[in-house]
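Next come two complexes built around subunit A: one with subunit B, the other with subunit C.
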Partner chain A sequence: MNRRAYQAIMRLRFMLLMQYRIAALAGITTQFMFGFVKIMVLEAFYLSTTQPQPLTFQQAVGYVWLGQAMLRLLPWDGDGEIQALVRSGNVAYELCRPLDLYSHWYARAIALRVAPTLLRAVPVFLVTLFVLPPKYALSIPTAGGWAAWILSTLGAIALGCAITNLINISMFWTISGEGISRLIPAVVIILSGMGVPLPLFPDWSQRLLELLPFAGLVDTPARFFTGQLSPTMIWVFLARQLVWTAILIIWGRRLLARGLRRVVVQGG
Partner chain B sequence: MRDGIRLYLRYVSMSLRSQLQYPASFLMLVVGNLAITGIEFLTIWALFSRFGSLGEWSLPEVALFYGMVHMAFAISEAAARGFDILHRQVRSGDFDRILLRPRSTALQVMGLEFQLLRVGRFAQGLVVLRWGLTSLKMSITFAELLLIVAAIIGGGLLFSGLFVLQATLSFWSVDSLEVVNLTTYGGVETAQAPISIYRGYFRSFFTWVIPLATINYFPLMAILDHADPLGIPHWLSWLSPLAGLVFFVLCLQVWNFGVRHYHSTGS
Partner chain C sequence: MAQIVVQDLRKAFKVAKREAGLWNAFRGLVKREYTHVQALDGVSFEIEEGELVGYLGPNGAGKSTTIKILSGILLPDEGICQVMGRIPWQERIDHVREIGVVFGQRSQLWWDLPVIDSFELLRDIYRLSSADYRKTLEKVVDTLELTDLLEVPVRQLSLGQRMRCELAASLLHNPKLLFLDEPTIGLDAVSKLVVRDFVKTLNEEQGTTVILTTHDMDDIEALCSRVMIIGRGKILARGKLKDITREVARERRLVVELDGDYSKEYIRSQVPGAELVKLEGKQAHFDFDPARISPPELIANISARFQVRDLLIENQPIDEVISRLYGELHI
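Up next is the complex of A and B:
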């Protein structure tokens, strides 16, 4: 019975979020602009060197477009409504529901990330795959590449939602949501590969970047799609995403339980 | 005019006092702003450590581009914040109150808020600019230093002009249009690198339509003695700070046109 409830929550939020189509259109324009700026800068950098790079220019182009297409999947903020609930004390209502609070919020997080991504990713994919001149276009991967990309994207969603939930839960401590939440976007953008493709970071940092959870958000799917990683490696990378998801879920549940013990509900 | 400036300074001091009511929280906001904007330089550093140079430009040279555009943007984010949040006033109908007062509307809107926390972005731009200047080990004349300062102020005016345009659009759309972000936030991202590395149409747009190139590219081309691929002479660089001023004045004309066509939402 409970599973149906979570599915219903997810579906309702999803339908609501799909309403913001004009905002999505403006967002898509922005994403193309940023994508082109990034690609032109990278092109100038690639033209400055003759040494082979860990990522070919073509792969870097694909990496940038995938990042732009999946931008809204990134967990760089919490769920605004949940944050308002915690701030106002109305979170008490949430406790009255015969549902597990963590799973309820997780279901909302899935809708929060996936719905806007769908609205934006489809046009970005269509244009970058079929309209742009080959030099600046996204290359169609092999069948194995597609499969590995789909699996790692599912992993990225699971991971991103676990991080979103942690941000939600951190509201019990920060209340205003100003402190940490202002730093999170910067950290997520740099360490996920959204700023610069991670393989282009210095060699000594590669091991560290791979071990951190953030690489699983943008870097892993993008490297499978562009063929920088062989599809046979999917199990290693998927396992890494899922282990981090599990760790963050357990941590999030613990924090939520602690946060709820000290929650003070204001009357009125 | 002098009276207007006095009034604006009164607005600024009121705004500053209210923001400094909670010094600790204010300090945290500034540090946060510094860290977030500073992390962007990390990505540029990473690319240079991988590729060595960006065309004919070195990392310290690009640091000057980066520092100048961020300082310029920080100025406009702080000073033109009122225009950035104007759509709220339009939607709620509060803009009517501004129309009732016998003073310039642009001045009053600018006085709505002076967002001091932007000193974070300003400071990191200054640090990066300084680092670039010292690692270039070049002797810089007083006139060149003046050009840099003037170009940063001109850039502040240019970005402020864009915020004014965004606010003017909200008279018709009643909401803030994300499209303008393409030229503000997108403009900062674009102008972090020398504008000469971009492709023709894109580069022309940010040279002639929205003259981002005047914030850092033209001044630095002269100071660092790089030849422009389109053969624009160096003496023109010394006029570039004026472009920001002209752009800002033009935007104010558009604003006045918008104000005349304003219809209250009535709520």
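Up next is the complex of A and C:
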């Protein structure tokens, strides 16, 4: 493995993506607005519900803010540059490098997910932890909660990048990527818990949500952070994230190999 | 064994086709029709180390397909292809470490970053030691005159500047073999000369094998010791450019400046054995076959019948020869 190369690619992408500061600022405003709307809806729900819920209101608030802070970690689109490379045929150059293409793209995916998240997460965390009135604020977790959240966030990154890479690879079949990039957000947002916290979904759907990979993206870290899951459970959930990551990586590698076999480097 | 051995290489592409019009667009949804395009139809050649070979042919003849197979990007359907003893697409990673590729119509540099950042990334990708990297960099920067360009973001470079940087990028890892796919496309005269000189020196001084595809006959004339002409997926002619063109273009051109105005018909009737192809004012252009009529005889004929101010014999322009060659080879 040529670690140095993949790190260099990641670093370059990271530096480029960190340039989008104004976009991040605009994004943060949007995220606060969405966060408050969701919290208002949830508050109305918690005021009217008569049954005990699997998530306390305080935990639900935390869940929402975490989702907003880590929004850009969600793999709801592919790497625009890779899509352009495939569309234009410049992918030819990527194949002329002594690199494993899957790892190369995975390194780029890490930068694509982590750089914008860092830009947005830090201010959102600061405000929601320390500025907002306690009722609508993010509560500081226990030490165990922090540790479990960090581990499960790393798991979420690994998983999210495997999904991102699948979206990239699908370009070999669809060329434009338009269809996929409209379909994926709906699936990912709903099934990861970014829309409505997964514990509030009907009981019959819980098993299915647990089996699918998407809960590992938002739901798992959020539940550890808010204390809805005990930190001792981290190994089970981390294992689930990693097993899914492994499956998606193997699948992605197979698809990529097939895609490359049929590649008709576009143009000329 | 030769550095590159290609035997009976074949590659077909499946292309979805659809006739124009809305109705056919709908029909295409239900029933797709494909045509097979035979991009390579049994191509064979060998290239020795240190050669500088021109690969010619009209658009769509199969040049780029060959280059892509040689560089390990494309898989052929049939045939043998060995480059430095390796099968490119099977040992892609080891193979590409030793080759450099420039696709004239594409870019390998990072669009938003200064050139030097792309170079340093390539240094990491090819795992060059910093001593080796610095030595090569210094050399290419010097010969391609890149000193002022290194800090400039790629998107701000002119095409000529960018192409010089692309060439440099493809050579940082000191490849033994360089594929240049239309490296001078769209360049102005000065940039073309820089690129040409550089390739020539590289080939002569370092012994790098170069395969060059181009539409620019001047590139070929200036650089290539040997050419291969491909058309419709087959190699149709190979050898020295001079020998190939001599076969096609036996004819030479005689330009005569006459001292008076004559009609085309009159000139034609007076000069048998040569064809009047152009008459511009007092300048008459004749094509003639030196095997049938010797130049002194033709000139004697003409000067016996006309007052001649000046005359000049030249070979036919190379572009015309090549397009005639394509015509003769039915491509």
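Criterion: the second predicted complex is superposed on the first by the 264 of 268 C-alpha atoms of A that agree within 3 Å, B and C clash if a C-alpha of one lies under 4 Å from a C-alpha of the other, contacts with A are read in each partner's own complex, and residues count from 1 in each chain.
Heads up, the rule we're going with is that contacts are C-beta pairs under 8 Å (C-beta built on N, C-alpha and C of every residue); 3 or more make two chains touch, one makes a residue touch a chain.
Fair warning: this is a prediction, and the values are worked out from it, not measured in the lab.
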Clash-or-fit label for the pair subunit B, subunit C on subunit A: fit
From subunit A, separation angle of subunit B and subunit C (C-alpha centres, steps of 10 degrees): 90
First, second, both or neither for A:190, with subunit B first and subunit C second: first
Partner chain(s) touched by A:134 [first = subunit B, second = subunit C, both, neither]: neither
Per-residue contact with subunit A, leading partner among subunit C and subunit B: B
Contacts of A:98 with subunit B and subunit C, given as first, second, both or neither: second
Touching partner for A:12 - first (subunit B), second (subunit C), both, neither: second
Touching partner for A:52 - first (subunit B), second (subunit C), both, neither: neither
Distance in angstrom between the closest Cα atoms of subunit C and subunit B, superposition on A: 6
Set intersection of subunit A contacts, subunit C complex versus subunit B complex: none
Interface residues, subunit C side, partner subunit A - complex: 13, 64, 68, 71-75, 92-94, 96-97, 99, 101, 103, 105-108, 110, 112-113, 117, 120-121, 124-127, 181
Interfacial residue positions of subunit B with respect to subunit A in the complex: 25, 28-29, 32-33, 35-36, 39-40, 42-43, 46-47, 49-55, 177-179, 181-182, 186, 189-190, 193, 197-199, 202
Parts of subunit A lying in touch with subunit C, wherever the complex brings them together: 2, 4-5, 7-9, 12, 16, 88-90, 92-93, 95-100, 261, 263-265, 267-268
Residue numbers on subunit A that touch subunit B, as the complex places them: 23, 26-27, 29-30, 33-34, 36-37, 40-42, 44-49, 53, 178-179, 182-183, 185-187, 189-190, 195-196, 200-202
